[in-house]
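Take a look at these structures.
Next, two complexes with chain A in common: one pairs it with chain B, the other with chain C.
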Partner chain A sequence: MDESPPPPPDDAPDTQTPPPPRTIHTGSPTDFLKGVVGKKVIVRLNSGVDYRGVLSCLDGYMNIALEQTEEHVEGNVTNRYGDAFIRGNNVLYISAAEEL
Partner chain B sequence: MASQVLPLELIDKCIGSRIWVVMKSEREFTGTLLGFDDFVNMVLEDVTEYEMTPQGTKKTKLGQTLLNGNNICMLIPGSDGPES
Partner chain C sequence: MDGSSSGIQEPFDLIRLSLSERVFVKLRGDREMTGILHAYDGHMNLILSDVEETIMIVNEGEQATVSVAKRKMDMLFVRGDGVILVSPPSRT
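Right after this comes the complex of A and B.
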(Lines of atoms letter the chains of each structure in order from A and count residues from 1; the text may use other names and numbers.)
(Lines give C-alpha, C1' and ligand atoms only; values in the text may rest on other atoms or scores of the structure.)
Protein backbone atom coordinates (compact mmCIF):
# COMPACT_ATOMS: atom_id res chain seq x y z
CA MET A 1 0.00 0.00 0.00
CA ASP A 2 2.99 2.28 -0.47
CA GLU A 3 1.51 3.83 -3.64
CA SER A 4 -1.61 5.09 -1.98
CA PRO A 5 -1.39 8.83 -1.29
CA PRO A 6 -1.23 9.80 2.34
CA PRO A 7 -4.47 11.12 3.72
CA PRO A 8 -4.57 14.91 3.75
CA PRO A 9 -4.10 16.51 7.13
CA ASP A 10 -7.37 17.22 8.81
CA ASP A 11 -6.98 20.97 8.77
CA ALA A 12 -5.98 21.22 5.07
CA PRO A 13 -8.60 22.37 2.60
CA ASP A 14 -9.83 19.57 0.39
CA THR A 15 -8.26 20.24 -2.97
CA GLN A 16 -9.04 16.82 -4.45
CA THR A 17 -12.81 17.13 -4.66
CA PRO A 18 -14.14 19.94 -6.84
CA PRO A 19 -17.01 21.89 -5.32
CA PRO A 20 -20.41 20.52 -6.32
CA PRO A 21 -21.65 22.17 -9.50
CA ARG A 22 -24.09 24.87 -8.47
CA THR A 23 -25.04 26.00 -11.95
CA ILE A 24 -26.71 22.80 -13.15
CA HIS A 25 -30.30 23.71 -13.80
CA THR A 26 -32.61 20.75 -13.41
CA GLY A 27 -35.76 22.84 -13.58
CA SER A 28 -37.18 21.34 -10.40
CA PRO A 29 -39.54 23.42 -8.24
CA THR A 30 -36.80 23.81 -5.61
CA ASP A 31 -34.38 25.22 -8.19
CA PHE A 32 -37.03 27.57 -9.51
CA LEU A 33 -37.66 28.90 -6.01
CA LYS A 34 -33.93 29.40 -5.39
CA GLY A 35 -33.61 31.33 -8.64
CA VAL A 36 -36.64 33.55 -8.20
CA VAL A 37 -35.86 35.03 -4.74
CA GLY A 38 -35.16 38.75 -5.07
CA LYS A 39 -36.93 38.97 -8.43
CA LYS A 40 -40.26 40.52 -9.37
CA VAL A 41 -42.99 37.91 -9.30
CA ILE A 42 -46.71 37.53 -9.84
CA VAL A 43 -48.40 35.38 -7.21
CA ARG A 44 -51.93 34.32 -8.09
CA LEU A 45 -54.17 32.92 -5.37
CA ASN A 46 -56.88 30.34 -5.91
CA SER A 47 -59.41 33.16 -5.57
CA GLY A 48 -57.95 34.78 -8.71
CA VAL A 49 -56.43 37.76 -6.90
CA ASP A 50 -52.88 38.64 -8.01
CA TYR A 51 -50.08 39.97 -5.85
CA ARG A 52 -47.17 41.54 -7.71
CA GLY A 53 -43.98 42.39 -5.89
CA VAL A 54 -40.41 41.48 -5.10
CA LEU A 55 -40.11 38.02 -3.60
CA SER A 56 -38.10 38.36 -0.40
CA CYS A 57 -38.38 34.79 0.86
CA LEU A 58 -40.46 31.66 0.80
CA ASP A 59 -40.49 28.08 2.06
CA GLY A 60 -41.53 24.59 1.05
CA TYR A 61 -45.18 25.29 1.87
CA MET A 62 -45.15 28.15 -0.65
CA ASN A 63 -45.60 30.59 2.21
CA ILE A 64 -44.38 33.82 0.67
CA ALA A 65 -43.05 37.16 1.86
CA LEU A 66 -43.37 39.93 -0.74
CA GLU A 67 -42.02 43.49 -0.77
CA GLN A 68 -43.45 46.48 -2.68
CA THR A 69 -46.62 44.50 -3.10
CA GLU A 70 -49.48 45.51 -5.38
CA GLU A 71 -52.80 43.72 -5.05
CA HIS A 72 -54.52 43.27 -8.42
CA VAL A 73 -58.18 42.32 -8.72
CA GLU A 74 -59.44 41.82 -12.28
CA GLY A 75 -56.56 43.85 -13.65
CA ASN A 76 -56.93 46.86 -11.36
CA VAL A 77 -54.62 47.76 -8.50
CA THR A 78 -56.76 47.67 -5.37
CA ASN A 79 -54.11 47.95 -2.65
CA ARG A 80 -50.42 48.52 -2.05
CA TYR A 81 -48.44 47.04 0.81
CA GLY A 82 -44.81 47.54 1.80
CA ASP A 83 -44.50 43.99 3.02
CA ALA A 84 -46.98 41.16 2.73
CA PHE A 85 -47.04 37.59 3.93
CA ILE A 86 -49.10 35.08 1.95
CA ARG A 87 -49.99 31.72 3.45
CA GLY A 88 -48.96 28.99 1.05
CA ASN A 89 -52.23 27.07 0.91
CA ASN A 90 -53.84 29.94 -1.05
CA VAL A 91 -51.17 30.07 -3.75
CA LEU A 92 -52.18 28.91 -7.23
CA TYR A 93 -48.90 29.83 -8.90
CA ILE A 94 -45.75 31.90 -8.60
CA SER A 95 -44.70 33.37 -11.92
CA ALA A 96 -41.48 35.23 -12.67
CA ALA A 97 -42.29 38.75 -13.88
CA GLU A 98 -38.73 39.31 -15.15
CA GLU A 99 -36.08 37.14 -16.75
CA LEU A 100 -34.45 34.64 -14.38
CA MET B 1 -44.95 -9.98 -16.67
CA ALA B 2 -45.39 -6.61 -18.25
CA SER B 3 -43.01 -4.01 -16.89
CA GLN B 4 -44.70 -1.42 -14.72
CA VAL B 5 -44.63 2.17 -15.85
CA LEU B 6 -45.31 4.49 -12.95
CA PRO B 7 -47.48 7.55 -13.70
CA LEU B 8 -44.77 9.98 -12.65
CA GLU B 9 -42.27 8.23 -14.94
CA LEU B 10 -44.61 9.13 -17.79
CA ILE B 11 -44.56 12.77 -16.70
CA ASP B 12 -40.77 12.61 -16.36
CA LYS B 13 -40.59 11.68 -20.05
CA CYS B 14 -42.50 14.88 -20.83
CA ILE B 15 -39.83 17.21 -19.41
CA GLY B 16 -38.82 19.59 -22.18
CA SER B 17 -42.04 19.18 -24.16
CA ARG B 18 -45.37 20.98 -24.16
CA ILE B 19 -47.96 19.89 -21.67
CA TRP B 20 -51.58 20.77 -20.96
CA VAL B 21 -52.56 21.00 -17.30
CA VAL B 22 -56.24 20.87 -16.36
CA MET B 23 -57.10 22.08 -12.85
CA LYS B 24 -59.94 20.96 -10.60
CA SER B 25 -61.70 24.25 -11.29
CA GLU B 26 -62.46 25.87 -14.65
CA ARG B 27 -58.83 26.75 -15.24
CA GLU B 28 -56.19 25.27 -17.54
CA PHE B 29 -52.53 25.89 -18.31
CA THR B 30 -50.27 25.03 -21.21
CA GLY B 31 -46.51 25.36 -21.19
CA THR B 32 -43.16 23.69 -21.65
CA LEU B 33 -42.50 21.40 -18.70
CA LEU B 34 -39.17 22.13 -17.00
CA GLY B 35 -39.62 19.97 -13.92
CA PHE B 36 -41.88 18.75 -11.16
CA ASP B 37 -41.66 17.20 -7.69
CA ASP B 38 -43.37 14.44 -5.70
CA PHE B 39 -46.39 16.69 -5.04
CA VAL B 40 -46.64 17.31 -8.81
CA ASN B 41 -45.92 20.97 -8.28
CA MET B 42 -44.78 21.88 -11.80
CA VAL B 43 -42.33 24.37 -13.27
CA LEU B 44 -43.54 25.54 -16.68
CA GLU B 45 -42.14 27.96 -19.24
CA ASP B 46 -43.90 30.02 -21.94
CA VAL B 47 -47.18 29.51 -20.15
CA THR B 48 -50.69 30.39 -21.21
CA GLU B 49 -53.37 30.36 -18.53
CA TYR B 50 -56.98 29.81 -19.62
CA GLU B 51 -59.79 30.81 -17.26
CA MET B 52 -63.17 29.56 -18.39
CA THR B 53 -65.91 31.90 -17.19
CA PRO B 54 -69.54 32.31 -18.24
CA GLN B 55 -68.35 35.46 -20.05
CA GLY B 56 -65.83 33.48 -22.11
CA THR B 57 -62.26 32.29 -21.87
CA LYS B 58 -59.67 34.68 -20.46
CA LYS B 59 -56.09 34.06 -21.61
CA THR B 60 -53.03 35.18 -19.65
CA LYS B 61 -49.44 34.80 -20.88
CA LEU B 62 -46.80 34.03 -18.25
CA GLY B 63 -43.07 33.41 -18.16
CA GLN B 64 -41.46 30.79 -15.96
CA THR B 65 -44.09 29.67 -13.49
CA LEU B 66 -44.27 27.35 -10.50
CA LEU B 67 -47.74 25.86 -10.49
CA ASN B 68 -49.04 24.53 -7.17
CA GLY B 69 -49.85 20.83 -7.53
CA ASN B 70 -52.67 20.97 -4.99
CA ASN B 71 -55.39 21.81 -7.52
CA ILE B 72 -54.10 19.91 -10.55
CA CYS B 73 -56.57 17.38 -11.93
CA MET B 74 -55.16 16.08 -15.22
CA LEU B 75 -52.05 16.32 -17.38
CA ILE B 76 -52.11 15.88 -21.15
CA PRO B 77 -48.58 15.47 -22.53
CA GLY B 78 -47.65 16.83 -25.93
CA SER B 79 -50.77 18.95 -26.27
CA ASP B 80 -50.89 22.72 -26.64
CA GLY B 81 -54.19 23.04 -24.88
CA PRO B 82 -57.80 23.87 -25.58
CA GLU B 83 -57.01 25.72 -28.81
CA SER B 84 -55.06 22.93 -30.54
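Right after this comes the complex of A and C.
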Protein backbone atom coordinates (compact mmCIF):
# COMPACT_ATOMS: atom_id res chain seq x y z
CA MET A 1 0.00 0.00 0.00
CA ASP A 2 2.73 2.41 -0.90
CA GLU A 3 1.06 5.73 -1.76
CA SER A 4 4.19 7.62 -2.78
CA PRO A 5 3.51 9.94 -5.71
CA PRO A 6 4.36 8.46 -9.08
CA PRO A 7 7.45 9.79 -10.81
CA PRO A 8 6.76 12.46 -13.39
CA PRO A 9 6.22 11.09 -16.85
CA ASP A 10 9.27 10.98 -19.02
CA ASP A 11 7.88 13.45 -21.51
CA ALA A 12 7.11 16.09 -18.92
CA PRO A 13 8.51 19.44 -19.94
CA ASP A 14 11.64 20.33 -18.10
CA THR A 15 14.68 22.45 -18.55
CA GLN A 16 17.08 19.58 -18.96
CA THR A 17 16.37 18.71 -22.55
CA PRO A 18 16.61 21.41 -25.19
CA PRO A 19 13.62 21.89 -27.46
CA PRO A 20 13.81 19.90 -30.67
CA PRO A 21 15.19 21.71 -33.69
CA ARG A 22 12.63 23.66 -35.63
CA THR A 23 12.73 21.31 -38.56
CA ILE A 24 13.48 17.64 -38.22
CA HIS A 25 14.74 16.06 -41.42
CA THR A 26 14.49 12.35 -41.46
CA GLY A 27 15.74 10.17 -44.22
CA SER A 28 18.93 8.87 -45.66
CA PRO A 29 21.86 10.83 -47.05
CA THR A 30 20.53 9.96 -50.48
CA ASP A 31 17.21 11.58 -49.61
CA PHE A 32 19.08 14.72 -48.59
CA LEU A 33 21.02 14.79 -51.83
CA LYS A 34 17.86 14.32 -53.89
CA GLY A 35 16.32 17.16 -51.90
CA VAL A 36 19.10 19.66 -52.60
CA VAL A 37 19.22 19.18 -56.38
CA GLY A 38 18.18 22.47 -57.91
CA LYS A 39 18.93 24.36 -54.67
CA LYS A 40 21.81 26.60 -53.67
CA VAL A 41 24.55 24.63 -51.99
CA ILE A 42 28.02 25.05 -50.61
CA VAL A 43 30.47 22.36 -51.66
CA ARG A 44 33.62 22.21 -49.59
CA LEU A 45 36.62 20.36 -50.95
CA ASN A 46 39.29 18.62 -48.94
CA SER A 47 41.60 21.54 -49.74
CA GLY A 48 39.28 23.90 -47.84
CA VAL A 49 38.08 25.69 -50.96
CA ASP A 50 34.32 26.32 -51.12
CA TYR A 51 32.13 26.36 -54.21
CA ARG A 52 28.75 28.07 -53.90
CA GLY A 53 26.21 27.54 -56.61
CA VAL A 54 23.05 25.82 -57.72
CA LEU A 55 23.37 22.06 -57.69
CA SER A 56 22.49 20.77 -61.16
CA CYS A 57 23.05 17.11 -60.46
CA LEU A 58 25.41 14.60 -58.97
CA ASP A 59 26.26 10.93 -59.40
CA GLY A 60 27.30 7.96 -57.32
CA TYR A 61 30.93 9.07 -57.18
CA MET A 62 29.68 12.40 -55.85
CA ASN A 63 30.87 14.07 -59.01
CA ILE A 64 28.95 17.35 -59.00
CA ALA A 65 27.63 19.72 -61.65
CA LEU A 66 27.10 23.25 -60.35
CA GLU A 67 25.59 26.32 -62.01
CA GLN A 68 26.32 29.98 -61.24
CA THR A 69 29.34 28.89 -59.27
CA GLU A 70 31.50 31.10 -57.08
CA GLU A 71 34.83 29.84 -55.81
CA HIS A 72 35.60 31.02 -52.29
CA VAL A 73 39.06 30.81 -50.75
CA GLU A 74 39.39 32.03 -47.17
CA GLY A 75 36.20 34.05 -47.52
CA ASN A 76 37.13 35.79 -50.76
CA VAL A 77 35.58 35.13 -54.15
CA THR A 78 38.45 33.97 -56.35
CA ASN A 79 36.61 32.77 -59.46
CA ARG A 80 33.21 32.51 -61.07
CA TYR A 81 32.04 29.79 -63.43
CA GLY A 82 28.78 29.53 -65.34
CA ASP A 83 28.98 25.78 -65.00
CA ALA A 84 31.43 23.63 -63.14
CA PHE A 85 32.11 19.92 -62.92
CA ILE A 86 33.72 18.92 -59.62
CA ARG A 87 35.37 15.50 -59.44
CA GLY A 88 33.81 13.61 -56.55
CA ASN A 89 36.98 12.50 -54.80
CA ASN A 90 37.73 16.11 -53.84
CA VAL A 91 34.41 16.66 -52.02
CA LEU A 92 34.42 17.00 -48.23
CA TYR A 93 30.80 18.00 -47.79
CA ILE A 94 27.72 19.43 -49.48
CA SER A 95 25.79 21.95 -47.42
CA ALA A 96 22.32 23.27 -48.21
CA ALA A 97 22.55 27.07 -48.54
CA GLU A 98 18.79 27.69 -48.65
CA GLU A 99 15.65 26.23 -47.13
CA LEU A 100 14.88 22.74 -48.32
CA MET B 1 12.98 16.17 -63.38
CA ASP B 2 16.07 17.30 -61.57
CA GLY B 3 15.22 20.96 -61.32
CA SER B 4 17.92 21.94 -63.74
CA SER B 5 16.91 24.03 -66.67
CA SER B 6 19.74 22.93 -68.91
CA GLY B 7 18.76 19.32 -69.52
CA ILE B 8 21.69 17.83 -67.66
CA GLN B 9 20.92 14.48 -66.06
CA GLU B 10 24.34 13.58 -64.75
CA PRO B 11 27.52 15.55 -64.16
CA PHE B 12 29.34 13.98 -67.09
CA ASP B 13 26.75 15.53 -69.42
CA LEU B 14 28.43 18.84 -68.65
CA ILE B 15 31.70 17.45 -69.99
CA ARG B 16 30.09 15.75 -72.99
CA LEU B 17 28.55 19.06 -74.04
CA SER B 18 32.02 20.65 -73.88
CA LEU B 19 33.70 18.36 -76.41
CA SER B 20 35.56 20.37 -79.05
CA GLU B 21 35.23 23.46 -76.84
CA ARG B 22 37.84 25.26 -74.81
CA VAL B 23 37.57 24.24 -71.18
CA PHE B 24 39.15 25.42 -67.95
CA VAL B 25 40.64 22.67 -65.78
CA LYS B 26 41.75 23.07 -62.18
CA LEU B 27 44.27 20.48 -61.08
CA ARG B 28 45.96 19.39 -57.89
CA GLY B 29 49.27 21.01 -57.14
CA ASP B 30 48.08 24.59 -57.78
CA ARG B 31 47.85 24.09 -61.51
CA GLU B 32 45.25 25.30 -63.93
CA MET B 33 44.98 24.91 -67.67
CA THR B 34 42.78 25.75 -70.59
CA GLY B 35 42.59 23.71 -73.74
CA ILE B 36 40.35 22.25 -76.39
CA LEU B 37 38.67 19.12 -75.05
CA HIS B 38 38.95 16.22 -77.46
CA ALA B 39 38.11 13.21 -75.30
CA TYR B 40 37.44 12.12 -71.73
CA ASP B 41 36.47 8.99 -69.84
CA GLY B 42 34.86 8.01 -66.56
CA HIS B 43 38.06 8.70 -64.62
CA MET B 44 38.09 12.19 -66.07
CA ASN B 45 41.23 11.37 -68.00
CA LEU B 46 41.30 14.15 -70.57
CA ILE B 47 42.80 14.73 -73.98
CA LEU B 48 43.40 18.43 -74.54
CA SER B 49 44.99 20.33 -77.38
CA ASP B 50 46.32 23.87 -77.66
CA VAL B 51 46.90 23.88 -73.92
CA GLU B 52 48.14 26.69 -71.73
CA GLU B 53 49.08 25.57 -68.24
CA THR B 54 49.37 28.03 -65.35
CA ILE B 55 51.36 26.96 -62.30
CA MET B 56 51.15 28.91 -59.06
CA ILE B 57 54.43 28.69 -57.14
CA VAL B 58 54.50 29.81 -53.52
CA ASN B 59 57.87 31.22 -52.52
CA GLU B 60 58.49 30.57 -48.86
CA GLY B 61 60.26 33.25 -46.88
CA GLU B 62 59.71 36.34 -44.76
CA GLN B 63 56.92 37.38 -47.07
CA ALA B 64 55.39 34.46 -48.87
CA THR B 65 54.92 35.51 -52.47
CA VAL B 66 53.22 33.70 -55.30
CA SER B 67 54.75 33.62 -58.72
CA VAL B 68 53.06 32.30 -61.80
CA ALA B 69 54.63 30.16 -64.47
CA LYS B 70 52.97 29.41 -67.78
CA ARG B 71 53.74 26.98 -70.52
CA LYS B 72 52.06 25.81 -73.69
CA MET B 73 51.61 22.33 -75.07
CA ASP B 74 50.14 21.19 -78.36
CA MET B 75 48.55 17.97 -77.16
CA LEU B 76 48.17 16.67 -73.67
CA PHE B 77 46.84 13.66 -71.80
CA VAL B 78 45.70 14.58 -68.27
CA ARG B 79 45.37 11.76 -65.77
CA GLY B 80 41.94 11.91 -64.18
CA ASP B 81 42.96 11.70 -60.55
CA GLY B 82 44.64 15.10 -60.76
CA VAL B 83 41.46 16.85 -61.83
CA ILE B 84 39.61 18.98 -59.28
CA LEU B 85 37.25 20.99 -61.47
CA VAL B 86 36.35 21.36 -65.12
CA SER B 87 34.44 24.38 -66.35
CA PRO B 88 33.07 24.51 -69.88
CA PRO B 89 32.75 27.73 -71.81
CA SER B 90 29.68 29.62 -70.63
CA ARG B 91 26.62 28.44 -72.55
CA THR B 92 24.03 31.09 -73.23
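Note that in this section the second predicted complex is superposed on the first by the 74 of 100 C-alpha atoms of A that agree within 3 Å, B and C clash if a C-alpha of one lies under 4 Å from a C-alpha of the other, contacts with A are read in each partner's own complex, and residues count from 1 in each chain.
Basically, a residue touches a chain if its C-beta (ideal position, glycine included) is under 8 Å from a C-beta of that chain, and two chains touch if they have at least 3 such contacts.
All values derive from a computational prediction rather than experimental measurement.
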| item | value |
| --- | --- |
| Chain B versus chain C as contact partner of A:Leu92, first or second or both or neither | first |
| Touched partner set for A:Asn76, first chain B, second chain C, both or neither | neither |
| Chain C-contacting residues of chain A that also contact chain B | 89 |
| Chain A to chain B touching residues, read off their complex | 26-33, 36, 42, 46, 48, 62, 89, 91-100 |
| List of chain B residues in touch with chain A within their complex | 15, 25, 27, 34-37, 41-43, 47, 51, 62-68, 70-71 |
| Chain C partner contacts - residues on chain A that touch it in the complex | 37-39, 45, 47, 51, 56-59, 63-65, 67, 69, 81-87, 89-90 |
| Contact footprint of chain A on chain C as seen in their complex | 2-4, 6, 8-15, 24, 44, 80-81, 83-88, 90-91 |
